[in-house]
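Alright, structures below, take your time with them.
After this come two complexes, each holding chain A, first together with chain B and then together with chain C.
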Partner chain A sequence: MKLKGLFSTAIAVISGMIVLVGLFAPIALLPVISSLFLQWASILAGIAILIGIFSMFGTHLSKIRQRSKNSTYSFALLLFFLLTFFASALPQNTLLEGILLNNIMIPVEVSLMALLSVSLVYASARLLTHRTDLKSIIFIVTALVTLIGLTPWPVIGTLPIVSGLVQMLAAGGARGMLIGIALGTLLTGMRVIFGADRPYGGK
Partner chain B sequence: MNLTSLAGLGIVLVSAILLAVFAFLYRRSPFVFRKIPAFSRLRQAINFVVEDGTRLHISLGRGSLVTPFGAAALSGLSLLRKIGETTSLSDRPTIATSGDGLVSLAAQDTLRASLEAVAPNQPFNILNSRFTGPTPFSYAAGTMPAIRDEGVATNVLIGNFGVEAALLVDAAERQGALIIAASDNLPAQAVLYAATKEPVLGEELYAAGAYLQAGAFHAASLRVQDILRWGIIAIIVVGALLKLVGIL
Partner chain C sequence: MQISIDLIAGLLSFLFTLMILSYIIGDNPFFRLAVYAFVGISAGYVAWIVLDLVLIDKLIRPLIQGSMAERLLLAIPMLLAVMLFMKISPRLEFAGRPVLAFLVGVGAAAAIYGALMGTIFPQVQASTNSFDTSGIAETGLKVEAIGRGFFILLGTISTLAYFQFGIRASSATSGKRGMVMQAVAFLGLVFFAITFGVLFAGVYSAAITALIDRVQSMVTFVASFFF
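Up next is the complex of A and B:
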């Protein structure tokens, strides 16, 4: 391992250990140091978003320069990015900011949500063409029973037995999945603390 | 220190010891895991993109590394490292997209390290890792052009996604590209189960590294997960029985 990699691994492992132990054990100054490290991480995450935005700007600028396929969209993105930036940064510009937010951003997000609902219905319809197995049939039947159970019907309202059963089974299944994910999260964190996974580069 | 903290610390310590032990055992005799079709397809796809001159795209989701959702992104980053080493020298190197600034920077560093591992003097294009949008739909909208316009033959979505992942799957299928997707988010898992041909469910997300031979610790962590899972099952069953007989 190069010296740079060794140094970054050592810092990551030591910081990880301090934060982890500080989280559980109130030994001396550990919780304070742990909390300080987490604050630094939050600040760095904020700065990383700014760097990410510059990177996004660079990606689209490079697409325009190279006149790559669909670079018109990149041009539109950069134009509206700059417009939104100045509208938000300049004081007393609430009118333009409101127009951009209410007439462009919100309608576009709502349109994508509408598109998503169509995509989901289409995906469900195609499920049995992808995989015709018992699990897929159970999936479709469960989705239909859930819809029937949770939909408010005229006169009778929701079907209490069906909705109760569905919610009980769903809660059980979800908890099982979440326990698995929690264990995966724990072990992934352990690998980083052991220095086996190094998302900060280095071999 | 209260009882919950003590139990938490105990689980962490036991996990750490088991992880070290199983990593040691794996080096002496590698473990055999059950087959997960999605990862077998992914291995084939990696070889295919190298030979065919097409591109592989990894989307790492929106989970920030400073939140618990970052673990899914970390799993994606170890996969990116492994895939990056194989595909760095191909005509079209792997690209990574994400909806979080830190993950985007980590992906850039991972791709750079992958390239340096196989070709130290080769210049690295920082635009191979991109931040595509900070909100769920802006992230999806920003990632779709990468799937559509850059000759991508295989898409791997691994990280924290919401239901907007369906839009990415749809975009990939329109291009006729292979898609392998895994999320730690339950609604997204339901969506991906319906939308993809080979779904990756629950904690299988964290198994990606082990199935692509990313190292002894990846394989060991799967074994430890299994042991801890059996432990939790035993505790739940015993707890339910004790409650049934009125002791709890």
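Up next is the complex of A and C:
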């Protein structure tokens, strides 16, 4: 391992250990240092987001400069980016900010969600035609039974027993998945703190 | 004046909804334009929120108005922020690496704490609590609660077993799990499919609700010209 790689690994290991011990054990000044490190990390995470947005801005600006194939879309992106940024930054522009957020952003978000209803039906039809195995059949039947249970029917109303039974079985699976994801997170975190994984670029 | 602003706002909402829903007939320039505009607005809004709530509120303002001790403590993240900005330049990229290492280290520690205290301990406790019938008086309800707890526990264990791909040394040549483990993992697969089925139904219900909302909004806008 090169010296600069070793330096980055040491920083990750030491900072991770201090924060972890500080969170679990109130020994001397460790909780205070741990809280301070978390506060610094939140500031740096914000700056990392800004760097990402800055990089996106640069990429689309160069597309416009080079007059590449889809530069019209890049122009629209930058135009709406600058409009929203300055409308949010200047306090007297609440009307423009309101129009951009409430009449463009939210309708587009909800419309994308609405599109999902079509995509999901198409995907389930494809699932049944391309992969007709036990897993797919259980999946589709469960989805249908849940939807039947949730739907308010004329005269009889909803069928809480049907959806309740399915949801009881799903609760076990969901709990297993949640614990599995948490165990995976725990293991990955431990590998980073012990220096076995170095996603920050150390070899 | 008020009417014209309402009209512009309603028209924008109508047009952008139509542009997005046009994807149903296939990918087209109107859909792409709406998506790029959406990305631009979201990025602009996030950029300002981060700048205002993180950079100005937590860094710049305390550096100007805070006490000497606060300023000294904030000089470190300020320096780290400058180093992180160097990642943009390919020549100075190396300066940002230790800052990224710090972020990864602190993030990993926070993730471990969150996984343990936020998921593993509460979920295990909930699994054991589902067998607690001390608050139930009727025998029939006690049996129902224990049965429910049993099915949930069975689902939890078998789903976890489905992800267990390790095998004993004696089975290393065949590369297959033992019979018991195979049966439990199969049960886990069934629970897995049921869980995803329920999740699918939930997402589908939400998507249908969104579709109804958008169609209703478009109809209301068009109808407002006639009624």
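Just so we're on the same page, the second predicted complex is superposed on the first by the 202 of 203 C-alpha atoms of A that agree within 3 Å, B and C clash if a C-alpha of one lies under 4 Å from a C-alpha of the other, contacts with A are read in each partner's own complex, and residues count from 1 in each chain.
Simple rule for what comes next: contacts are C-beta pairs under 8 Å (C-beta built on N, C-alpha and C of every residue); 3 or more make two chains touch, one makes a residue touch a chain.
Keep in mind it's a predicted model, so treat the numbers as computed, not measured.
Once chain A of one complex is fitted onto chain A of the other, the partner contacts of A:T59 are limited to chain B, with no touch recorded for chain C.
Touched residues of chain A were counted for both chain B and chain C, and C has more of them.
In the superposition on chain A, A:R67 makes contact with neither chain B nor chain C. Using the contact criterion defined above for the overlaid structures, shared-chain residue A:T185 touches chain B and also reaches chain C.
In the superposition on chain A, contact is made by A:H130 with chain B only, not with chain C. In the overlay built on the shared chain, the residue A:Y200 is in contact with chain B and with chain C.
Of the two partner chains placed around the shared chain by superposition, chain B is the only one that A:A25 touches, whereas chain C remains out of contact. Common to the chain B-facing and chain C-facing surfaces of chain A are residues 20, 23-24, 38, 41-42, 44-51, 53, 55-56, 70, 73, 108-109, 112-113, 115-116, 120, 124, 139, 174, 176-181, 183, 185-186, 188-190, 192-193, 198-202. Interface of chain B with chain A (complex): residues 1, 5-6, 8-9, 11-12, 15-16, 19-20, 23, 64-66, 68, 71-72, 74-75, 77-78, 100-102, 104-106, 108-110, 112-113, 116-117, 126-127, 129-135, 137-138, 140-142, 145, 148-149, 163-164, 166-167, 169-170, 184, 186, 189, 191, 193-197, 201-203, 205-206, 209, 215-218, 221, 224-225, 228-229, 232.
Across the complex, chain B is touched by residues 20-21, 23-26, 38, 41-42, 44-53, 55-56, 58-59, 62, 68-70, 73, 108-109, 112-113, 115-116, 119-120, 122-124, 127, 130-131, 139, 174, 176-181, 183-194, 196-203 of chain A.
Contact residues of chain C toward chain A in the complex are 5, 8-10, 12-13, 16-17, 20-21, 23-24, 32-55, 58-59, 73, 76-77, 80-81, 84-85, 87-88, 94, 97-116, 118-120, 123-124, 126-127, 148, 151-160, 162-163, 188-208, 210-211, 213-215, 217. Only residues 4, 7-9, 11-20, 23-24, 36-51, 53-57, 70, 72-74, 76-85, 88-89, 95, 99-105, 107-118, 120, 124, 134-136, 138-147, 150, 166-183, 185-186, 188-190, 192-193, 198-202 of chain A touch chain C when the two sit together in their complex.
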